[in-house]
Amino acid sequence: MKRILVATGGGDCPGLNAVIRAIVKRASQEKDWEVLGSIQAFNGILWEPQEIVRLDEKAVAGIHYRGGTIIETTNKGGPFTWPFKKADGTWDVADRSEEMIRKLQYMNIDAVINIGGDGSQRISQRLFEMGLPIIGVPKTIDNDLSSTDMTFGFQTAVQVATEAVDKLVTTAQSHNRVFIVEVMGRNAGWIALHSAVAGGAEVCLIPEIEYDIEKVLESIEKRFQHNRGFCIIVMAEGAKPKGGTVVGAQPDEPGYENFRLHGASVYLREALKNAGCQHDIRETILGHLQRGGVPIAYDRVLASRFGEKAVELVKEGKFGQMVSFRFPNIIDVSIKEAISQPNFVTMDNDLLKAARGLGITFGD
Amino acid sequence: MKRILVATGGGDCPGLNAVIRAIVKRASQEKDWEVLGSIQAFNGILWEPQEIVRLDEKAVAGIHYRGGTIIETTNKGGPFTWPFKKADGTWDVADRSEEMIRKLQYMNIDAVINIGGDGSQRISQRLFEMGLPIIGVPKTIDNDLSSTDMTFGFQTAVQVATEAVDKLVTTAQSHNRVFIVEVMGRNAGWIALHSAVAGGAEVCLIPEIEYDIEKVLESIEKRFQHNRGFCIIVMAEGAKPKGGTVVGAQPDEPGYENFRLHGASVYLREALKNAGCQHDIRETILGHLQRGGVPIAYDRVLASRFGEKAVELVKEGKFGQMVSFRFPNIIDVSIKEAISQPNFVTMDNDLLKAARGLGITFGD
Amino acid sequence: MKRILVATGGGDCPGLNAVIRAIVKRASQEKDWEVLGSIQAFNGILWEPQEIVRLDEKAVAGIHYRGGTIIETTNKGGPFTWPFKKADGTWDVADRSEEMIRKLQYMNIDAVINIGGDGSQRISQRLFEMGLPIIGVPKTIDNDLSSTDMTFGFQTAVQVATEAVDKLVTTAQSHNRVFIVEVMGRNAGWIALHSAVAGGAEVCLIPEIEYDIEKVLESIEKRFQHNRGFCIIVMAEGAKPKGGTVVGAQPDEPGYENFRLHGASVYLREALKNAGCQHDIRETILGHLQRGGVPIAYDRVLASRFGEKAVELVKEGKFGQMVSFRFPNIIDVSIKEAISQPNFVTMDNDLLKAARGLGITFGD
Amino acid sequence: MKRILVATGGGDCPGLNAVIRAIVKRASQEKDWEVLGSIQAFNGILWEPQEIVRLDEKAVAGIHYRGGTIIETTNKGGPFTWPFKKADGTWDVADRSEEMIRKLQYMNIDAVINIGGDGSQRISQRLFEMGLPIIGVPKTIDNDLSSTDMTFGFQTAVQVATEAVDKLVTTAQSHNRVFIVEVMGRNAGWIALHSAVAGGAEVCLIPEIEYDIEKVLESIEKRFQHNRGFCIIVMAEGAKPKGGTVVGAQPDEPGYENFRLHGASVYLREALKNAGCQHDIRETILGHLQRGGVPIAYDRVLASRFGEKAVELVKEGKFGQMVSFRFPNIIDVSIKEAISQPNFVTMDNDLLKAARGLGITFGD
């Protein structure tokens, strides 16, 4: 008999519920194993009264095709940085990690499965070092983790972005317009790169390659003849113009606040107009549409395998490990090592080179 | 033997291509009838060289499931307001309508089918009064025309908006957030009203009902207990707060420019925060995603019937008429009368009352 | 304070859950109104122990975008034909209607809302005549009821069928094939007619028009030149060949059993081959794919309005009435009259004539 | 200056058009390179008159989001087995490979890119051995090739199958039914395995594991209590019962013809009833719905990379090679070696083990 506690932290991601369901399904194959869920990451353990839910087969029935997470998630609080109001009315944070571990012992928790990104896994590692039997399940919709071939949610985000491009192509064509589609990716351009290739965009702007507005303009003009034509630009929210080439792009320049406020695509539109673009330019910011909704089959399979493997690791007592996909297997890697290896688009990346081969320009 | 010329004007709308295909399919049932298309509304006739394309069965194969219009569209130019540069370098507009009618006669055009909204049909009426044999096909994605039970494109826009709400519900739930979904509708709230009911939103804000920010806040708070809960607000881009209640809503107030620039949902977010809303609020502006993409079956059926009927009217010589849907038939109405009858959400509208019955609040 | 009991009977239909949710949402606007659900139509009342569930706001949260019905449905049992085993081991049916009404009184049920088709509403009428305060909500995915402009579920079925046609068009083109898509409709051809127009099919076969295999073959051949081309046939499951033209079509002919077993599309394929069709012919039977899944926005709006209106009728005490859509309002009609008015495709139907105008052939 | 000829052979597969578009896009980056397409695999070269089309950027605009192949495909004919009628009226096949190579030389073709499966690549290899400069692009919707980590089209088929399961779950639940979903896979169970995990099925039957009908029945019964419950079975079209356990499963047994005629799912339904299953059982055969339609983003990215790489190989003169995906790169492998290495589900496959861990039974 074992009692497992599950938590989900950070931004939501299509596939979270499939991981939770798989953990419950796998645990139900063992005699008398129980699964509990802590509401809003670890906060449910620390709240008074606690918010802990029983996750049995009935609770997880059909959740694999629902977006979000049934045990909620948050970026606030957590065992090491619990906010509290001081006597003078200002706020501070407290370390409640030892208290939390004591509470988990009191609850007879044998293992914790922590599903979350970078920040969440750093917490996992610290708790593991304090003696908590914990397993990590990676979650990053940006797919920016080199310790796994793929993370769940990414392909769904790419699919949503690609379907948006498909929709905008027909309206762009009909109106002879330039369309900018702003997708997720503050530091990693993977969603932009994949959806630009899948959607057949002409221009792709990513955080890893600073763009030259003149080069972007040149690519646009190639697509128009006598004012007829259209152009699709897929850009990551973190894409930035080349240092200093455009006023407002740098923190110490006038207009910078506007740049941050409006987002990358609105900034680009204005920059293109300032650079002399005569065409009608429109932008669409996909935002949360990429996070919500039904995960595609690919992500459900990956998420289900992650959840199943996490329980295997509990059974084997391999704590401090994180599940990972190394084609064609799900393996485990050390949380400690995993969290220090980001995965960005490099200049020699095979897909980037293919995209260039297909005529997609990156503004460099 | 007849030669029909088709034009599409104004913003694109899912189903335009289905109308075009139906016109061609119907005409091909008659002996030696031909269909031509003018590129970018009537501009293709006036340009030198002209941009006129042959629309035969091959040209329209499979276009009914594509968004946009294969003969392009525009809001610029037109026979009555053709822009030209004067000797002093400034721009003016010229009336080229008589020239255009002569050109159509020279091209042996027997009938013109003009697919377009309010503005386009006003042009149709003027041309008809000048003697041009013209048939109108109504196009308004907002469904704001009382002379027809329904216009094509509307149900696709509602579907896109509803799917967006579905996606945002799961992320709202997972993060305990308030989500504002901004949909089309500058003057008419039909898309917002339909998608709020279909998506199960809690609040719906439309141009026809000025909202009281306190009432909106109240509706939000009802959905939260101890900071847990979520709330979906569907709002039309033209929804406005009650006169004077919030600084910046009126043209003569500071911040008004910001209100126009950011759009209705960003404005609402700020207004809610200013009114004391403590919850995390996010907004998504659907924009062009509602116009592009594959029309749903409902719109393809309606658009196909409109196109088919338009050719029937050509055959019957009923010029100056516009096709219209009066369940269960497609009929024809006078263009002149049709364009003067808008259709807004009224306080006694049956759907509005049903929405209130379902607990949806409109901020009044 | 009122207590309403809801039941769903007959085949499931997209939108059932939206009706249920709307009933609960509307009832929650009244002080102390309660909603209960009987599992599997009225069977839940008659079973021992009973299967009655409380339908509060939590129970119906988010169900409007789920197919099926959370209170289950069935075609078996019912108050007038309850199956029981006789002493001699054979089965008979008993009339338990009076017992059921007594039980409902004992449960303090003030009103029953019965969501169901033809058969279910006949039961409603009989129970109403026995004194039960009952309201009907029509449910027929075939849209074959003349007392309402539209029934929920129909547009979703048409959408699913149309998307299937879209998918099959590309494979038909690539392989130069004839594809038969068999859709629902035993007696009414509405789904076939709408999806044939929306999908751009060349042939549409419906129960209301017996088809001549030679005419179908002729339509196919027109689409091929030198063995290249393709043809899409949308056919209702109830479409039948002209009397006697093909061996096996009539009950007293050899091969009839095969015809019934294989379905209309397999029969047609064989008949086409026997009639000399040399092209590769494939068929796809959509079956239950048309019933399941997420209802489109149109159906959710209609279903929500039906549910809301049903509770209005309870409030007004208008028992024995059925909700109905008469554009643009939801009205109520007498159940008694409603169930006697089917709605089939007639030869002068406007949509049928438009389909012919578009070049679609019906095999007559 | 180079002239490349492209051909697509075998069953169509989502992503074929994305490969073709990528070839054209990549070739257009080189000075004066041309791309031609042969209609219906190599048949277009051999027909008189030939059917060869120019594939320039205009011809491939927007085709990446369309299913099928714009240059058509076929399983008939081919250079080594060209059918012809002998003097005595019977049919025979001729080897026209040398003639075809001569024709390609006459057409100044510098390289051939052959997109196709097993059979097509065997033809590629033979032509390569005869001296034709040829590059292979693998195409198998079943993903049954060990020389590449993934083939395009597979994930789209899994997505379609999973969406079908999602739809059938709601109707199964509402009616307390057993649903059998028959998916593609004559010899390899990958589509069934992936969609069973993604869809949350209870039973998965694949060609690699003969099923015991009693075990399947047992799994079904576990899902029902007092006749309430439901069960989803995903089965490959090639799934077979254990040798001899059911009459009709073997070629020399009565009923075998029926088994072949009706397909695996109809057979299973009857076998379950014969074995005593009392529940309502329905089956859905997805068939061609899995091949058609819009490829998902994953497949478009993979297909685009395959096409781009194929042109790279032409540039490098690496003929006789086939493109292949070895995460994260697209590489090339020898066609000769590639075609001899199938990829079936083995008992120690990691995904199969995970599926069992999740409680999915395979009837063994």
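Labels for the chains are A, B, C and D, by order of writing; each one numbers its residues from 1.
Convention: a contact is a pair of C-beta atoms (placed from the backbone, for glycine too) under 8 Å apart; a residue touches a chain by one contact, two chains touch by 3 or more.
For clarity, every value in this text was computed on a predicted model and none was experimentally measured.
Farthest from subunit C, judged by the mean position of CA atoms in each chain, is A. The mean-CA centres of subunit B and subunit C are about 32 angstrom from one another, to the nearest whole unit.
Centre-to-centre separation between subunit C and subunit D, using Cα means, comes to 34 Å. Each chain gets one centre point, the mean of its Cα atoms, and the points for subunit A and subunit C are 42 Å apart. Residues of subunit B in contact with two or more other chains: 163, 166, 169. Shown are all chain pairs that touch, namely A-B, A-D, B-C, C-D.
Those residues of subunit C lying in contact with subunit D across their complex are 8, 11-12, 16, 40, 66-69, 72-74, 163-164, 166-171, 173-176, 179, 228, 282, 284-285, 287-289, 291-293. Subunit B meets subunit C in the complex at residues 21-22, 25-26, 28-29, 62, 64-65, 149, 155, 158-159, 161-163, 166, 169, 194-195, 197-200, 294, 296-298, 300-301, 304-305, 308-309, 311-312, 327-330, 349-351, 354, 357-359.
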